[in-house]
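A, B, C and D label the chains in the order they appear, each numbered from 1.
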Amino acid sequence: MAMVCLSDFEAYAKKYLPKIAWDYFAAGADDCTTRDENILAYKRIRFRPRMLRDVSVMDIRTKILGSEISFPVGIAPTGFHQLAWPDGEKSTARAARAMNTCYIASTYSTCTLEEISAAAPGGLRWFQLYIHRNRVASQQLVRRAEALGFRALVLTADLPYTGKRRDDVRNGFRLPPHMKLKNLEGAFEVCKMSPLDPSVTWNDIYWLRSLTRLPIIIKGILTREDAELAVRHGVQGIIVSNHGGRQLDEGPATIDALVEVVEAVRGRVEVYVDGGIRKGSDVLKALALGAKCVFIGRPALWGLAYKGEEGLQDVLRILQDEFRLSMALAGCASVSEIGPHLVQFSKL
Amino acid sequence: MAMVCLSDFEAYAKKYLPKIAWDYFAAGADDCTTRDENILAYKRIRFRPRMLRDVSVMDIRTKILGSEISFPVGIAPTGFHQLAWPDGEKSTARAARAMNTCYIASTYSTCTLEEISAAAPGGLRWFQLYIHRNRVASQQLVRRAEALGFRALVLTADLPYTGKRRDDVRNGFRLPPHMKLKNLEGAFEVCKMSPLDPSVTWNDIYWLRSLTRLPIIIKGILTREDAELAVRHGVQGIIVSNHGGRQLDEGPATIDALVEVVEAVRGRVEVYVDGGIRKGSDVLKALALGAKCVFIGRPALWGLAYKGEEGLQDVLRILQDEFRLSMALAGCASVSEIGPHLVQFSKL
Amino acid sequence: MAMVCLSDFEAYAKKYLPKIAWDYFAAGADDCTTRDENILAYKRIRFRPRMLRDVSVMDIRTKILGSEISFPVGIAPTGFHQLAWPDGEKSTARAARAMNTCYIASTYSTCTLEEISAAAPGGLRWFQLYIHRNRVASQQLVRRAEALGFRALVLTADLPYTGKRRDDVRNGFRLPPHMKLKNLEGAFEVCKMSPLDPSVTWNDIYWLRSLTRLPIIIKGILTREDAELAVRHGVQGIIVSNHGGRQLDEGPATIDALVEVVEAVRGRVEVYVDGGIRKGSDVLKALALGAKCVFIGRPALWGLAYKGEEGLQDVLRILQDEFRLSMALAGCASVSEIGPHLVQFSKL
Amino acid sequence: MAMVCLSDFEAYAKKYLPKIAWDYFAAGADDCTTRDENILAYKRIRFRPRMLRDVSVMDIRTKILGSEISFPVGIAPTGFHQLAWPDGEKSTARAARAMNTCYIASTYSTCTLEEISAAAPGGLRWFQLYIHRNRVASQQLVRRAEALGFRALVLTADLPYTGKRRDDVRNGFRLPPHMKLKNLEGAFEVCKMSPLDPSVTWNDIYWLRSLTRLPIIIKGILTREDAELAVRHGVQGIIVSNHGGRQLDEGPATIDALVEVVEAVRGRVEVYVDGGIRKGSDVLKALALGAKCVFIGRPALWGLAYKGEEGLQDVLRILQDEFRLSMALAGCASVSEIGPHLVQFSKL
């Protein structure tokens, strides 16, 4: 079967992954309304394409926090890549480097940060962080990431507790015995009690700032109020995210929330978005609405499930080709020409 | 099969209850539009969740008419609990007390008020009342309820006549011979002519007031005009309700009507809502829009059908856990932090 | 099978009528969008029911053009009743009289006006008229109707040519040889060329007026502009109608058009509506939006198909009971209490 | 099977064409959202039909760029007609002439312009042009078309690159060996590299103008901004088009874009529209919203697939009859009476 678009990878993954792994990756909270809305909301945005502009030379590169990437699509932090492919996050790191884009490694990786770094030296990587009850554990992770050359910290803000994902409850989901949350080994006992600290507040950004010179990006912001607080607390970037619809169900689709966050931020920090990206034209829409870059979660896992790093490169390459083509067909030859004039919200 | 969410109980009840009982509980008037809208309307409300607020200590208790309950979900008045479980309303009373919440016992119970009281002494209970053509019968019921320690009267306003529920007509629904409307025995002959008085008007609130010192709550209000009348006639509370979509079809969903009732009431009395609650996050939405508490009807019956009082406790515990989690994920540590800023109406 | 609601009669008719007859009655123009919209549009209207009003004595009678009918539902003009029941329009006339309501007999009846009159002497009947190329034929019909005691003329305005009903084309629909358009026999040869005159304009109302002292009602108006013209040309009533969706597809649903027609008319003449009435509560909605009375087309044919005049009475009785009940549940004891405050348009 | 409406031809073509040909004609870009929206958008437009206007004599003729056509429906440029019928574009030309309407021959024809001209001498034809990297090739095509009596040039603006049509990728679509892009033979090697020039800009209109005295029409405009540019660069007409939804997916439906283009153009040049026309009433809607004429793409191919030129005439005749009937039922006796008062946009 030809792998023509991202849905082909989704169908493959659904067919070949163990059910418990597929269910875990696919899960949304409660009724999965927000998970699905992330995708549907893109369909309500319509292009206003412009004709007869010179699109013979296309430049789809962009910069995030000063680093150039080959096109504005990075890898969002997701856990447990070994559930998708034996080499796990090492494959992810290699694919991201091969495609010259950014990979946000998750705290919940099944490879250590050291293994990830060694797998793809020189790749652009950020590190996703939860703040743990055991603050020393978090501090150590931050220091390791900084020492290994990760170039930013991505603090996940939307998981004081884990969302209710019904299939995981039904399946009694847990990692197979041969997989480990390797970055957390020794630091604390997993699974007895959630190691995450639900008392974290905005002031903890200052604590985090005191630990590191890396830029801090906050992930999980969905309102203008929180966007303003993020800027005031000195973060360098915001990822508009609802955790793939896995936390609070029936919040806004991320592409809808992006609009109000971008308005509130007024260019003071970079804004990114994840959730619901399935086509190159979705990337174009996100950029038109003010995102500097998007990050893909489940599609990256489907790519891994298909053929490891090669499969993930296939996914990224398809997105890249589709993004370039949709830019050209909309009349933009470079990312700098993308703007809100390109889109309108459908009334339906 | 694991009982993970309320739909699991619904599926169980649909499978194991006698068809005539399932149909009776499930029935809506006419095309069942309003019954279904009660649920759909919740899905059109979107959260605006706030991040990085200390939600390590969660307090989900609330008070209704001055009585504390463990979380803002009570049991709405529904009839004929023996159709769902042999012990009928006695089981309901026990489950409500075990979960420390309020149970509104129906006039159309298959146990007497005395049996209900004896089954769970000390539980917080209100008594739901219809006004009968035979006013003496109603008066006696009010006096019995007051003497038994019921703490409020809930006058149902939306049933001058019974709605047209097609399945009940097709099934020729009537109670099995071994079940009785025990509270009405002797007072009048049931089934010849409806014992309810369709000439009741607002002035009858004054008559009811003259019979009892209990607070009077009116159930079935759907418009700002009637909410204003209710307040002016001295009720202590309003339950926004459309009788589970069993009376006038194609009226408003209760969560939509709640908004206009709350606006009209301007805090002068407590406002509650029933209809369409299927998840803990629905409770959060209702509170955000101004309800002091919600009441569940059919889900309580599904719980009874599953395992009697134990099954109903399961249902309440799931709602409680989901409510607490959705509060935390929305950034609220106590019920007092819930407000309209948490929600917006989807344009779709 | 119990006949509980109008859909039961529809299902019966679909099952037992010859396909060519069912198709003819069910047909809509083109994609049948307007036929179906007539029904869907009712579902977008929501009641605002009022509580605690004395509805112990219900009065559902109304008057149309000064004649009292038992409830505000009459029989719309439809053709070829013998396709549904052997006695054809004679049965229709008897059922209408038995239920004390108005029957608008069609020019395209399979019984003569004389037979119809003789079948149910004293019944309230109006006569539906097309203007033919052969004006003498039309004039004779008007005179016969007037002489037979028909109390109004209903001029159909929306059929200069017949709409394109695909199933009729596929079926090669024509009347079985034993049925005749009896009112037109002798007047002109049917089926060679349409006998209807597509050059009719508003001025022909004056010509019609010159022929008769009967009130003239115009049927098929859908816009405020035409409603204004109708009033200015001296008609006594307007039936908002799109011919059951059988003429121009993708015009407005009649209940939507009713609103603008009622506004334009400002009470100067009576306004009625047909199309899409399937429940008693639809009648209540139409009256709340300003209709004096509604007329049913296909449901009457389903009733005939079920059991002739008895079946049609069943249909009317169900509508009557449902209308009375929905009035009571909305808080209205008489037709005069029905008004626009009872409804709102759903935003969905 | 009777061929009653255009869907009948679609069903026939889907059944009898080789899958690869059907897929090619049916294809839309990406998710085919825009392809399908072209049709759905028509359904959201509602007529406001007017009654009692003299429609006994119908005149449905119109003029485009000064040439009279029998009704306002022409043949849009589509490629590879031999995939639908052995005689290919020669049949198309004959059918268009027989029906006295305009045929826009595509650069990607499987017959030469000379063959097309010879097949139907005297027919009204326009020539659709892409601008090639090899400008000489384009220049030669223009000169040939002009010499052969084509009466306008239609420059396609929305194809700097070919859209991503998933089925074509999966099928590995290419022309069967016995078919050729005959107009391009010798001019350059097809299929190695796209011969189209993605650097074309508005200034190339001036270059095109310098080559020919034919009117220039630009095809593929979807925004008011580009409509204004088109007028300023001196084109004689605009075809609002999204290439049948085959280029940038999730742009506007053409009938929606027509509104803004017509507003921007303010009558300075003629505006046409293609995409989504499936019924005569769609033509009426397009004209009501300001189009001078519509063009059909896929329906013409279905007609060819059915019976060659005869089948295409059937398609055109059905559209003609439906258009005439819908005009009459809306109250218009001639094209000049059609205007925006006839339609409104549904809120749904």
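Things to note:
As a convention for this text, a residue touches a chain if its C-beta (ideal position, glycine included) is under 8 Å from a C-beta of that chain, and two chains touch if they have at least 3 such contacts.
Nothing here was measured: the structure is a model prediction, and the numbers come from that model.
Path length between subunit A and subunit C in the touching-chain graph (shortest route): 2.
At the interface between subunit C and subunit D, under half of the residue numbers appear on both sides, which makes the contact a different-residue one.
Overlaying subunit B on subunit C by C-alpha atoms takes a rotation of 90 degrees, rounded in steps of 5. Chain centres here are means of the Cα atoms, and by that rule the chain farthest away from subunit C is A. Between subunit A and subunit D, the centres computed from C-alpha atoms are 42 Å apart. Computed from the mean C-alpha positions, the centre of subunit B lies at a distance of 60 Å from the centre of subunit D.
The touch graph of the protein chains shown is a ring with every node of degree two.
Working note: touching chain pairs come out as A-B, A-D, B-C, C-D.
Taken together, the subunit C residues at the contact with subunit B in this complex read 2, 4-5, 43, 45-56, 279, 281, 321-322, 325-326, 328-330, 344, 348. Residue ranges of subunit D in contact with subunit A, taken from their complex: 30-31, 33, 44, 157-158, 160-161, 163-164, 166, 169-170, 197-202, 204-205, 218, 220-223, 225-226, 229, 247-252.
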